[in-house]
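Pasting in a structure now, in structure tokens, and then I'll have a few things to ask.
Should a chain be cited, it is by its letter among A, B, C and D, assigned in written order, with residues numbered from 1 in that chain.
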Amino acid sequence: MKKVINAPENVVSEMLSGMEKAHGDIIRVVAEHNLVVRADAPVSGKVALVSGGGSGHEPTHGGYVGAGMLDAACAGSVFTSPTPDQMLEATKAVDGGAGVFYVVKNYTGDVLNFEMAGELAEAEGIQTDYVVVNDDVAVEDSTYTSGRRGIAGTIFVHKICGAAADDGKDLSGIKELAERVNANVRTMGMSLTSCIPPEAGEPIFEIADDEMEIGMGIHGEPGIERKKIEPANEIVDQLLGKILSDNVDFSGSEVAVMVNGLGGTPPMELYIAYSHVADVLEREGITVYGRPYVGDYMTSLEMAGFSVTLLKLDEEMKGYLTAPCKVAAGRPF
Amino acid sequence: MKKVINAPENVVSEMLSGMEKAHGDIIRVVAEHNLVVRADAPVSGKVALVSGGGSGHEPTHGGYVGAGMLDAACAGSVFTSPTPDQMLEATKAVDGGAGVFYVVKNYTGDVLNFEMAGELAEAEGIQTDYVVVNDDVAVEDSTYTSGRRGIAGTIFVHKICGAAADDGKDLSGIKELAERVNANVRTMGMSLTSCIPPEAGEPIFEIADDEMEIGMGIHGEPGIERKKIEPANEIVDQLLGKILSDNVDFSGSEVAVMVNGLGGTPPMELYIAYSHVADVLEREGITVYGRPYVGDYMTSLEMAGFSVTLLKLDEEMKGYLTAPCKVAAGRPF
Amino acid sequence: MSSLEKTLGVIREMARTVEENRKTLTQLDSAIGDGDHGTNLSRGFKAALESLESSSPGTPAEALKAVSMAMIGKVGGASGPLYGTAFLRASSSLGGKEDLSGEDVAAAIVAALEGVKQRGKAELEDKTMVDALEPAAEAARSAAGEGAAAVFRAAAEAARKGADETEPLVARRGRASYLGPRSAGHVDPGAASTALLFEAASRALEEN
Amino acid sequence: MSSLEKTLGVIREMARTVEENRKTLTQLDSAIGDGDHGTNLSRGFKAALESLESSSPGTPAEALKAVSMAMIGKVGGASGPLYGTAFLRASSSLGGKEDLSGEDVAAAIVAALEGVKQRGKAELEDKTMVDALEPAAEAARSAAGEGAAAVFRAAAEAARKGADETEPLVARRGRASYLGPRSAGHVDPGAASTALLFEAASRALEEN
């Protein structure tokens, strides 16, 4: 294992410390609970948005905390959901009296821990609600299973609901909007390599030099299919094919698009993939709204690979998607 | 070699095509010459900034084209300087009558090609000038050699001179400012892994699983020293030690700071490194001005590693550094 | 030896066993999950031991409550709230009792099972810890009349068998469910850790 | 066979040789540079052949000019402008001549050397292509009276020796100079390619 770290057990706290030193104008860090909190929290009268999940997906979620997006992010250990205690502390730190809304990715761990946190918060008199994001079309949906994973599409929930909360929408309005975004967002990913969680010290899986995993998650969970690596355009065709044949009718609509790098894939390759994504969408009569998101938005440490996300937009979503915000994941320019 | 590409020989043109489709509001691409040009070029009466270099360093340089930064970027083959023809075409595409300024990184190839381009442009009646950026303190400086490399500090030249050109500074003023930035910026890098240029198909060098290269360039050129990997803080101490003991006196000054990832290093590790950079600077009485640049700004494909850059600022530089700009390397938020 | 001392002995043996099997559990989780189950439980049991040091519980229920809080507060993931709920329900079922009968122990295990099923909504053959815990609870109930040691012995045997039998199953709950048919052919890490914990408990009581 | 045909034969053999040695040159460049020298020259010579196809040059100088333009226009890197300048100066030195003597060829090689040194500012023992080209030019001058084939034969031998002798040197120009002392112990890729090009030229003339 080769990493720029000091000690595997300290990666999360040292990373948060670095984020706080770099972005003190946007966020503050609550070190005892591994929380990233909006610098000016709590914002009185505003619904507060809290997300969180395992670490190792940076800039998700701490990078999305700030005016116009999240009020707090709870950082778990690498690839491990944070705990209800953390979530409760985050809830208390950001509650501005209008309730707290949790953006939860659909993993058993995340869901169970946020549920417990919600129970604890309600016991302390703070109103909470939540959405469980499950945008990953790689996994078949079924009520008899844990359902689909939440992956990169979650960023759109952060952005749109964050802007809506800033705009004064109340808790039930945020919930309705979040469910609507979730119902209209679909993602699918693939990977070329595994990654090494610092504490494990070894790759999560082995993969041959000419193989890829299709339908990859973001924690090194195996995908749904392993096969020989193919040209970028064919990979994109498969990911988009699965997204477009799912139960959201994208045809003729305006969409937000994300080509998300998993950490180890250079921008060159993401743009090569985006080039074909744009061609397929044009052929299908689907219009890309605004600026596409091409870059590393939700990563798996140093894993090579990418995902494609489409969000079918309505007028309200468009306004919130393009509203200004100020978060650490943005660039100084 | 595992990459999300279609064919090694097409990576540059397909990448540029993807960039154009994604960022048509900011840039246009001249496909015949692999140029990225500001969408509204030429801007009449403004000094135009042109940079360029081998591809594989994205978002450098095409990602920095746009209002307030570069007017054009010439994309060479991977890790190979572009040619005088390309540079001449870029020069003609962006010349707004006030002259064209080349930001050149100090590599024999880049310097020779830009020199030839300048001669060709002058022959066509376009006034040109240039700066050769050489911020890499890993390499000893000497007039009997090719001198120091230009690496991540170049981004600060783009940003500051880009804003100055927008502000109406003339060609000789830009030249003076560029030389001043270059004289006050110092960088040093390290790497943990090699990278694979698509056409070569193999790693540029082999490196053991417990080794690192100190003083790494951005093209897979070996660094100045190979040794056993060390904790992040010790690595930062070495890079900063070399920077601070060089001939720019940073003590008591305000600096712009960049912790630049080489492509394969996750944000987590960059923030762990930044955390210690901030501590060392504080101890040395050096103040970080504005927002530090922590992320992938000048990469080497998928190489793991990072560099640290310090720029000693004066009042004029500060104003231009924080002036607004709109480039593809920015985020939609 | 008091029931409190025995309970503490059981917890310590569980912690030791988790540490010893950390890598194995993580490897099982790498095959069909995200490779952290061993690390997760190890973090939880370390915190549990620390908490027991500093809090000096007065009853078996208090000791189990401390473990539960450590699991909920320090583990995260799916297994944190699930094992946390298991220990919490076991603790509640014991109430203020100081001397535990075989019946008490069996009832605590049954309560743990109910808590896990309620939280996680998994059923038998979903390829989760329930596949070890449910047979363990049944065996515990059958052996309830033979004393605590016999209850844990029976539970451990049943849990191990249940864990082994997860191997051919296709997961329907938890992270492994995302693999679909590819999850078959591997033992579920949570079922494996449940078996290890019962074996540890049984060992701790035999030794006394 | 006319001098033009011979020149075209030389260029084609150079292109073939570069293709054959692409990997080797790239590997030399990987050791002390950025691993693209073989790819760079291959791209240049392919473009040169295409340009010669489409332009049908009337004199040796025109053929060399086409090679020069391909190098400058398609190679990039350090070697593009340097080899481009070399071929350009060689072309200029020949002017409109149709029949080339040994003296003409030697003068062209000397002109190429001067162009490279002027552009790149490298001196002997800086560990660059100059270390092959300068001895080649001297040998060419000495053999000028013996005809073109002899000139290239002498140049090739001297270039190969010069290239081999770059191995122990510490680079002072080009990308390898960033390595400092670590650049010693490897042959310079540009010197190696210069030797290969002269050997190709010599071979092309012997064969006729």
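As a working rule, contacts are C-beta pairs under 8 Å (C-beta built on N, C-alpha and C of every residue); 3 or more make two chains touch, one makes a residue touch a chain.
Not measured: the values here are computed from a predicted model.
The distance from the centre of subunit A to the centre of subunit D, with each centre set as the mean of the Cα atoms, comes to 55 Å. The distance from the centre of subunit A to the centre of subunit B, each centre being the mean of the chain's C-alpha atoms, comes to 29 Å. As a whole-number value, the distance joining the C-alpha centres of subunit C and subunit D reads 74 Å. Taken as a contact graph, with one node per protein chain and an edge wherever two chains touch, the assembly forms an open path, each chain linked only to its neighbours along a line. Every pair of chains meeting the touch criterion is listed here: A-B, A-C, B-D. Listed in rising order, the residues of subunit A touching subunit B in the complex are 1-7, 11, 14-19, 21-23, 25, 55-56, 58-59, 63, 68-69, 159, 192-193, 209-210, 212, 229, 231-233, 235, 263-275, 278-279, 290-296, 299, 301-302, 304-306, 324-325, 327, 329-333. Interface of subunit D with subunit B (complex): residues 26, 30, 32-36, 39-40, 43, 72-82, 119-120, 172-180, 182. The touching residues of subunit A, counted against subunit C in their complex, run 54, 76-85, 107-109, 112-113, 115-116, 136, 138-140, 144-146, 148-149, 197, 199-200, 204-205, 217, 219-222, 224.
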